[in-house]
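One structure is given below, represented as structure tokens, and several questions about it will come after.
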Amino acid sequence: MPKRNKIIAVYPGSFDPLTNGHLDIIKKASAMFPEIIIAAANNLNKNHCFSLQDRLSMIKEAVKDIKNVKAAAFDGLVADYLARINSFILIRGLRAVSDFEYEFQMALMNRNLNAKIETIFLMPDLDYTFLSSSLVKEIAILGGKTVKFVPPCVEKKLKLLRKR
Amino acid sequence: MPKRNKIIAVYPGSFDPLTNGHLDIIKKASAMFPEIIIAAANNLNKNHCFSLQDRLSMIKEAVKDIKNVKAAAFDGLVADYLARINSFILIRGLRAVSDFEYEFQMALMNRNLNAKIETIFLMPDLDYTFLSSSLVKEIAILGGKTVKFVPPCVEKKLKLLRKR
Amino acid sequence: MPKRNKIIAVYPGSFDPLTNGHLDIIKKASAMFPEIIIAAANNLNKNHCFSLQDRLSMIKEAVKDIKNVKAAAFDGLVADYLARINSFILIRGLRAVSDFEYEFQMALMNRNLNAKIETIFLMPDLDYTFLSSSLVKEIAILGGKTVKFVPPCVEKKLKLLRKR
Amino acid sequence: MPKRNKIIAVYPGSFDPLTNGHLDIIKKASAMFPEIIIAAANNLNKNHCFSLQDRLSMIKEAVKDIKNVKAAAFDGLVADYLARINSFILIRGLRAVSDFEYEFQMALMNRNLNAKIETIFLMPDLDYTFLSSSLVKEIAILGGKTVKFVPPCVEKKLKLLRKR
Amino acid sequence: MPKRNKIIAVYPGSFDPLTNGHLDIIKKASAMFPEIIIAAANNLNKNHCFSLQDRLSMIKEAVKDIKNVKAAAFDGLVADYLARINSFILIRGLRAVSDFEYEFQMALMNRNLNAKIETIFLMPDLDYTFLSSSLVKEIAILGGKTVKFVPPCVEKKLKLLRKR
Amino acid sequence: MPKRNKIIAVYPGSFDPLTNGHLDIIKKASAMFPEIIIAAANNLNKNHCFSLQDRLSMIKEAVKDIKNVKAAAFDGLVADYLARINSFILIRGLRAVSDFEYEFQMALMNRNLNAKIETIFLMPDLDYTFLSSSLVKEIAILGGKTVKFVPPCVEKKLKLLRKR
């Protein structure tokens, strides 16, 4: 197990796209742990709206001012990714009961695949309780304003969805 | 805010197709508010089983005897639609906990997009607790009887699904 | 069934004591229905912290500026009370899944005891999601500040709890 | 109603593929009832990963040593299938709250379609709480080990998914 | 493990008092298993409304016409009681998500205390979804009618609660 | 905000008594943060089974071999306690959905009382999913074995409950 001042916490997800809810979780985590890696999944089986390249560059732009936070992409199982980078802490946000059940199942599975992994759950600020990447995309497609829900660099990309 | 005797309550949904559960909510709402508009979403991103035209004509046929109820179609965000027709009341049915979480998220988002909107939740009669449009379609496709679950005009259309 | 411009909606509860969350529900309901009665239960089997007299006078003070809202006490079943005052609409607030299940059970039972009763559920503003009368009392007893959570007239009474 | 020593309990599902969680439910049920039929749905509307033939042969291989258990395929509604084979007991596993809600809806619908049907819910061992066919497939596709989660005959087939 | 034609299933509870919901579960279970024992807990730590003697005699009266059902009292842990009478099946009713969580915890604990025990969950008819012993007692105390919710022998005893 | 190598995380609770589930959470947290304080509430309004002195000495005995873990008692609000000791991290365990809702309400309230506080949720090992202090006490009172559920020093005290 790494020394406490070398602890790396991983925040994995699709980030398709990153929302202000994700950003809130990242800020909270960055105050707790020495290093945070935001890990964007390169899951070819999922239909992502934005390419891995786009998702990653939006994250990098949004977190550029938070010193101990990096962004990276990963292939395969998140449990294997943590083993490769010598991390044992997985960070996830919890907004509601439905989140909770899915996240619990994933946390149990990840612990089963790699016994060292601990998942810690953080709660976003109330203002982000109702936010999700898919809802934000739906609003953008239906012509609604998303400026309150995502960082400026994501807002620009979302506007392009409308015009498709 | 409109005068209380001019209040319009909107019941939005896909209604793909209308079930007796929806109809029960509509009847309950029509006793409470001066005017009810059943608003069928023209969401091109969703794969509807019935066309907007078909969904709307089934609704109109089913509610033709309830005086203060109208049917309409809408494009874009429901929050914008309510603003356009000067309504601030959104009606939704709640059957179970899973409904509740999704509906809560949507209600919070709608309030965020248009601060005047209030969502009110009604509970269908127990006999409709297990009903949903998707379950009714699945039963029709698998050759089951749907006569107890939908109005007669919907039953006719559902039978055609089997023959596809 | 009463005419729509004579509809009375009842908001029953213990109100031990009234919180800003209750007040938010009352304001939302008062914009929807011609008349609202806040009905404080005189349930001798429950251990209330404040007397019926106190609970009622705090409510009256808090809603004195909302024209179509009255406060009243009731004995026995709420279903019987609604029948006595010729109302068929019960209003309840929903904050979370645990609320939902209890409220659903009560709504089903009330409908069973009096088939005309419809329960409508309203959602308080996000800021009141975590508020409850019992939590407010616990904070007061432990010496915390409750000024953000209750109307001024309730705040005064809560301060006395500390000194007991 | 059949005599108690002739009771047939049906365990229906997609089994796409059978997991050790399913197998655990089957073993528990086989100790309770004279005869168990594992009924694999031939639902052409669902996108199965394995063919009906494959799903059925994996089940047969996995349960070959449990005397009172058989496997069968069925078309159409499960409620009609139970009527055809003179069974009134449906067995389902419950792992979590989200399971529970879906299963409740299905159980109510099945009782409505065939009033004689009773659904009984069994709880798999804790070790299988986080298992599901879809999660197992996802792990296989992402290159993870599934040997702890499925019977050997299923493990062989899952490995082929990786190579696609 | 006992032979299948000698299986005893135990339905434990407080039954303070027995409701029509309990009775519905008992009837469903009696069609599935050779012998059912309704086991009333003699838990001195709980404040029961009716004495063990009263609870037991109400159960016996209510089930006297169902051949394979008996009533009994038990002390201590239900897991130990099942071991003493050579039973491995525990029956519980599930009405809602809140039931589910509590019942899951108890089922896991019972399995831990006695590895042979399997808990099976049955779902009462929809009409009993909102029923509970505590709600029935509350209605009786508040002067409501309970004739639809409990067997006649329980109704008689409940009426006496009012007069206290 | 304190430097990251001086972070103190607080795990508050009644610990009436400490279980192996609590201990599991403590061990997980101690690998993540430089210092952990287990804070036993001296809440005079709750009916504790064990005195504050007893609860605290059981905790101290159980964690004596974990270097960065201390035990302490606190009065009043936990939000105020964290401010006094210059901590901003609250640790809580999550076992099930019902936990989640209560914990969410408390976390939101604590954030409201002290905006700096972040609650992080950890998940105990599956073997402790069904454990709670109250269940352990009930088993002890009913004469069951609790040796698998609590540390040896707690087991000794629990045995005394039986003899009362």
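The chains carry the letters A, B, C, D, E and F, assigned in the order they are written, with residues numbered from 1 in each.
Simple rule for what comes next: a residue touches a chain if its C-beta (ideal position, glycine included) is under 8 Å from a C-beta of that chain, and two chains touch if they have at least 3 such contacts.
Note that this is a predicted model, so its numbers are computed, not measured.
*Asks:* Taking touch as defined above, what minimum step count separates chain B and chain D?
*Replies:* 1
*Asks:* Going by the contact rule set out at the top, which chains touch both chain D and chain F?
*Replies:* Neighbours common to chain D and chain F are A, E.
*Asks:* With residue numbers as the basis of comparison, which of the pairs A-F, D-F or A-B duplicates the interface of B-D in over half of its contact pairs?
*Replies:* A-B
*Asks:* Among the chains, which has its CA centre at the largest distance from chain A's?
*Replies:* E
*Asks:* Would you kindly tell me how far, in whole Å, the mean C-alpha position of chain E lies from that of chain A?
*Replies:* Averaging C-alpha atoms per chain gives centres 47 Å apart.
*Asks:* Please tell me the distance, in whole Å, between the geometric centres of chain D and chain E computed from their C-alpha atoms.
*Replies:* Centre separation, chain D to chain E: 29 Å.
*Asks:* What whole-Å value do you get for the distance between chain C and chain E if each is reduced to the mean of its CA atoms?
*Replies:* One centre to the other, that is 34 Å.
*Asks:* By residue number and range, which residues of chain B touch two or more other chains?
*Replies:* If we look for residues of chain B contacting two or more partner chains, we find 97-98, 101, 104, 108, 126, 129.
*Asks:* In graph terms, with chains as vertices and touches as edges, which category applies: line, ring, star, complete, or other?
*Replies:* Graph shape, chains as nodes and touching pairs as edges: none of the named types, so other.
*Asks:* Report the complete set of touching chain pairs.
*Replies:* Result for touching pairs of chains: A-B, A-C, A-D, A-F, B-C, B-D, B-E, C-E, C-F, D-E, D-F, E-F.
*Asks:* Applying the document's contact rule, which stretches of chain C touch chain A when the two form their complex?
*Replies:* Residue list for chain C touching chain A: 97, 126-127, 129.
*Asks:* Looking at the complex, which residues from chain A come into contact with chain F?
*Replies:* 1, 4-5, 7, 28, 31-34, 88-89, 94, 97, 100-101, 104, 107-108, 111, 118-123, 125-126
*Asks:* What does chain B use to touch chain A in their complex?
*Replies:* 43, 45, 76-77, 79-80, 97-98, 101-102, 104-106, 108-109, 112-113
*Asks:* Mind listing the chain E positions that touch chain C in their complex?
*Replies:* 96-98, 129-132, 135, 138-139, 141-145, 148
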